[in-house]
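Data block below; observations after.
Chain IDs A, B, C and D follow the sequence of writing; residue 1 opens each chain.
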Amino acid sequence: MEYFIQLVIEGLATGSIYGALALAIVLVNRATGLINFAQGGMAVVSTFVAYALFNAGAPLALAILGAIVFAFVLGAFLERVIVRPFERGDPDTAVVVTIGMFVLLGGIAAFFFGYEPRQFPSFFGLETLNLGGVFVSLRSLGTIVVLAVVVVLLQLLFRGTKLGLAMRAVADNPESAALSGLPVSRLLMIGWGLASVLGVIAGVLVAPQLFVSPGMLDFVLVYALAAAILGGLDSPLGAVVAAWFIGVIENLAGAYIDVIGNDLKIAVPFIVMIVILIVRPQGLFGRKVVVRV
Amino acid sequence: MNNTLAKLAANTWVRIGFAVVVAVVLVVLPLVSSKYVNYQLSLIAVFGVAILGLNIVMGYAGQVSLGQSAFLGLGAYIAAYGVVEGWPIPLIFVLCAVVPAIVGLLVALAAARLRGLALAMVTIALPIIGIPLAKRLREFTGGSQGTTVSWLRAPEWSGLDHDQWRYYVVVAIAVLMFLLARNIVTGRIGRAFRVVKENESVAIAMGVSPYKYKVLAFTIASLFGGVAGFLYLGIVQYTSPETLSFHTSINMVAAMVIGGSASILGTIIGAIYFVFVPNLANQVNPQLTALVSGAVLLAVLFLVPGGIVSLPRRITQAIRAVRRRAGGSPPETPQSPSDRVPAPATTRPKSTEKKNEGKRQGQ
Amino acid sequence: MMNFRNATRISGVVATGAIAALLITGCSRGEEGDGGTGGEASPGITDTTLSLGISSPLSGPTAGPGSCTVAGLYTYLEAGNAAGGFEFGDGNTRTVELTYLDDVYDPAKAVANFRQMVDDEIFAYVGALGTPTNAAILPIANEEEVPQVLLVTGATMFSSDQDANPWTMGLLPTYFDEGRAFGELLVERGEVTVAILAQNDDYGDDYVAGFEAAIEGSDVEVVASATYEPSDPTLDSQVTELAASGADALLSAVSVTPLQVGVLTKAQSLGWLPEIFLPSNTSTPATVVVPGNGAAYPAVYSTSLSKVPVSPAFAEDEDVIAYNEAFAEYGAGIAATYTPHCAWSYAEGAILEQAFAGMTEPTRASFMEALRSIEDFQAPLLLDGITVNTTDPTLPAIQGLNLVQFNGTGYGPVTAG
Amino acid sequence: MTLLELENVTASYGHAQVLHGISFQVGDNDAIGILGANGAGKSTTLRAISGMVQVGGKITFDGTDITGFRPDKVASLGIAHVPEGRGTIGDLTVRDNLRVGAYLRKDKKVADDIELCLDLFPNLRERIGSNASALSGGEQQMLAISRAIMAKPRLILLDEASLGLAPSTAQNVYRAIRRLRTEQGVAMVVVEQNAMLAFSVVDHAIVLETGSTSLAGSRDELMGMDEVRRAYLGG
């Protein structure tokens, strides 16, 4: 039993890593209606900024704060300068543009820091709590708490503020939003900026474990995409719950089902995702969209 | 000027003449080129076929696929297994086409009900699952070390070197696949694809089942992917789990868009881009390949958002614009891309109905 | 667009054109003088220069080690060039140029790079990293008779059958050997339970096979094992699984630095403190054992074959001083961070120099013969007792491993009994 | 007093010019109709005012030259555009759509005005929590108009409000528009294929043919003309 609980806890901790980045994906999708493959790359570059600041002697909190500011500017800048011309065109082209940014950002990070992973300090320390035979690391707990706080803040932003309302309106129908006087251009930049901030929060949360390297989030991004889509793409809470679900189910299947094993356990969340999507195409938490013809 | 060109292109004899020139170049090229050049040319044919399949499902039918590398890998593995087992090559070829097509069909039967991102995610899962699966099925795949083969060797009578022989085999099959694809996309099926891509409700109203045609598009794409896998093994003579790599899929999507979505010629350009750009990046600086590739990709899209195939149109447009400005005809608001946003002049209004039908945003 | 009939007609024209072209050109291309069995010089060598090529992953997840395989070798060669060049057995002194390309760990790209460099007339292909990339090149290199040697991979396939593949040779002791060395140490202990964590590829497989070969018939028992994919973000669940076995020792055949650190931190956080066995490529104290708090474990073992230039323990060593000086000048721009591959490929440069000295003719065949005749060569940066012997056609160039134990700051001789 | 003035306005989509020099004026509290066949440039005229197409000539609103302004800027000056195809924001609820309409307002009376809209269109009251995409076509049109009202504009641009609606629904919608005009005195530019509906609201109208003004006059003048009756009034 303790083993089972331990596996579930590990799954939640791993899922939190996916969830952190999934939130950023959801935010960009909410703010701009796009899927951004460069989300990981933006997060990595910003995390490297935190790394560089910390290594230059800044206290960790300050380094992270600096990286957050940088991330916001980076996101807004990329939206304005690179993504903007493609936003209303062919969606495939827009996606390929984000792929191009992903490659380019990875290259930039590598240019300055190389590809070899670098250590990053944890905000939460290395201690582990022993709760009746089940071990929970402070780092995992911290990650989960930060995620929960971010989800609450995001819900408040989208549900409770004029800015959030405006961002949703712009993502959904920029033309009508502009006709109501919404500053579409600025809102898109803010949306990307905020998503980029979420990305760097994800980055500094997972960096102590994954280390900082240009490719640190490549595979996390795939899981995060799965979580975002499974969660319904427009629901921050859904994305995080889906990410936890993926983390847990992957662990349990790998440990308990022999034929799956550690090598094929990665297939489990994806197959489950496919089945769920076929039954519920809007995802676990997505709102049902009524189709009228 | 454009008109004369168009007229010229419409002339059957000019077309045949052009085809002959292309054919002669394709035939003579390997005889005078080095093994390296032949290898690169052959790779263009290999990935041309794979990207062609991708273009059919994405460019023509409008369904995102981020899993084309899985079918490429599957085809290559089938071919490798067949070669090791000593099966006749025509049989291997047929299996390389049919088995991936069946796998694609099965996946599509389940997935084609999904749209946009959900569909993209299912296709991403293919290479993600395929790689550990390939390692697991070691008896068939050679595990992570892969399978090395030596086949498609030039027969004695041909007097050719192996690289030349392989080039001819691969390019001949690729040409056939391109002709096949052209017939598909210009025919009834291609028209149906376009309707499904444009508007599924309209498709239904016209009696075209979007589901059926999406499944068909996926199946065709998988078949092309499998054939490309066969060709891949013919040229590289080796396959391993890396062949399935998700990055290959992503790069093929990028190459497809760069070359020109929903365009046969664009596919060829895309394949050249796919093979050539890593090479170019290596020449610029082998330590900065990622930086260079990313920059090139973005630069090309900025210059020709419609893909390189639209470059001539883009140039004539630019020339016309310059002329008009010189002629002092009606003033226009500037047309630099960054000014276009709040005024989506030519794009369709994103009405609510449209959105409900096809959530295509951001796949 | 053309209709189908047109297309058919055009295909006919194509076929005709093809045949005509074949007849006209006479389908022959200048035969390339490969191998060079006569006295004539092979491509890539003149009286004053020799060119070598390497294709390694210089971008992507394996780019850290990949860059080091270039940086160390480049450092050694450039330092040698700067000192006046390399002396060859034929009496000439030559400068050696190294061309390096990025293959992103993609076999098709590696083959393209290899063919391109052969086209550009490299004399030999040396020191490349990566099992699938080198596996794809192997048959071509042997067909074209281009040396593909001193490969920085521990996979057995590149060295085990040099009679069948006479132009290919590995550099490093195989993963199999490393695994076996660990097994042998444990067998001496008697009754021990072991948990194994292995990468799901040839790396992990060879490692485990070597270990199992050593413990066969002994009292050492493997009580749990798990695998992982190099792309996994964390190995926490694998470690949790293994910890449940409570084994006395953990063989952690993990080749990814952050994951290896994660294994070390996770096991102790679960209260599981086995003896740890780390493979040579993820055992650097500064980047793995210290961040993973390896001091918490009763013992951390590894195998080692080279000195660690970045470790203070070797700061006074002559080889290390020379390496650090040269690396700062030539290699630092290529590899920003140290991995053991930097040291290995530096030693590889010295092995090449030995081979050059034995070359009596400017040919690839003569080079291979010289390369295969090195005995008991003590290459720079290799630990005492680790020597280069290339005469056995089933073994890589470097053999022998030193089992070492972590002593709080670096590695020393094995003490625990 | 002139609120809006178009002087020789041209507009083009890419390289296709659609308007070839349109001129007209709208006074305070005035309502003007734009009639014409499909493709005559009616909607484009509105889009030109809102800054949604490339324009030439001169557009003045309340003394400010707004030629080439972006849509959000135009809206902030007090012009509300109800686009063709309604342009509601599908993923947002009815209430949120109304709040988006009031985005630029800084006053505290937004809630009161939401009530006002719900009084004007009682159907919306029942659907206040539904997503706009779930509404019927008529309800969406009502929502789109309400969203414009919420901005408290000085001028409303209304594009084909009856398109695709059942005749009785269209009548309902236009009844509300008349109320809006009489009770609040908002100026309007009404584009409408159904001239009878348009004439129930406007005082003046212009008729467009392939991007140019072919006729202009007061409602009664136009209704008296044979060609207008034949072409647009079915008689």
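Note that in this section a contact is a pair of C-beta atoms (placed from the backbone, for glycine too) under 8 Å apart; a residue touches a chain by one contact, two chains touch by 3 or more.
Computed from a prediction, not measured in an experiment: that's the story for all the values here.
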Quiz item: If you tally the C-beta contacts, which comes out ahead, A-C or B-C?
Solution: B-C
Exercise. Name the chain whose C-alpha centroid is most distant from the C-alpha centroid of chain C.
Key: D
Quiz item: How many angstrom lie between the CA centroids of chain B and chain C, rounded to a whole number?
Solution: 35
Quiz prompt | Centroid spacing, where centroids are CA-atom means, of chain B and chain D in whole angstrom | solution = 46
Quiz prompt | Whole-Å gap separating chain C and chain D, where each centre is the average of the chain's CA atoms | solution = 72
Quiz item: Mind pulling the chain B residues that touch 2 or more other chains?
Solution: 132, 135, 289-290, 342, 344, 349, 352-353, 355-356
Exercise. Specify, in ascending order, the residues of chain A that touch 2 or more different other chains.
Key: 106-107, 110, 172-173, 175, 178, 184-185, 263, 266, 289-290, 292
Quiz item: Which chain D residues touch at least two other chains?
Solution: 52, 70-72, 83, 87-90, 133
Quiz item: Considering the complex alone, what residue numbers of chain A touch chain B?
Solution: 29, 32-37, 80-82, 84-97, 99-108, 110-111, 172-175, 178, 184-185, 188, 214, 222, 225-226, 229, 233, 263-264, 266-267, 270-271, 273-274, 277-278, 281, 283, 289-293
Quiz prompt | Partner chain C, residues of chain A touching it in the complex | solution = 3, 6-7, 10-11, 13-14, 17, 106-107, 110, 113-119, 126, 128, 130, 135, 137, 206, 209-211, 213, 215-216, 218-220, 223, 250-251, 254-255, 261-263, 266
Quiz prompt | Residues of chain A touching chain D in the complex | solution = 162, 165-166, 168-169, 172-173, 175-185, 234, 287, 289-290, 292
Self-check item: chain C residues touching chain B - in the complex, by the definition given at the top
Solution: 1-2, 4, 6-7, 9-11, 13-14, 17-18, 21-22, 25, 27-29, 58-60, 67, 100-102, 104-109, 111-113, 115-116, 118-119, 131-132, 135-136, 138-140, 144, 155, 157, 200-203, 205, 229, 333-334
Self-check item: chain C-facing residues of chain B, complex
Solution: 12, 15-16, 19-20, 23-24, 27-28, 31-32, 34-37, 39-40, 43, 131-132, 135, 143-146, 148, 150, 158-161, 164, 175, 179, 182-183, 186, 232, 236-243, 245, 247-248, 275, 278-279, 281-282, 286-287, 289-290
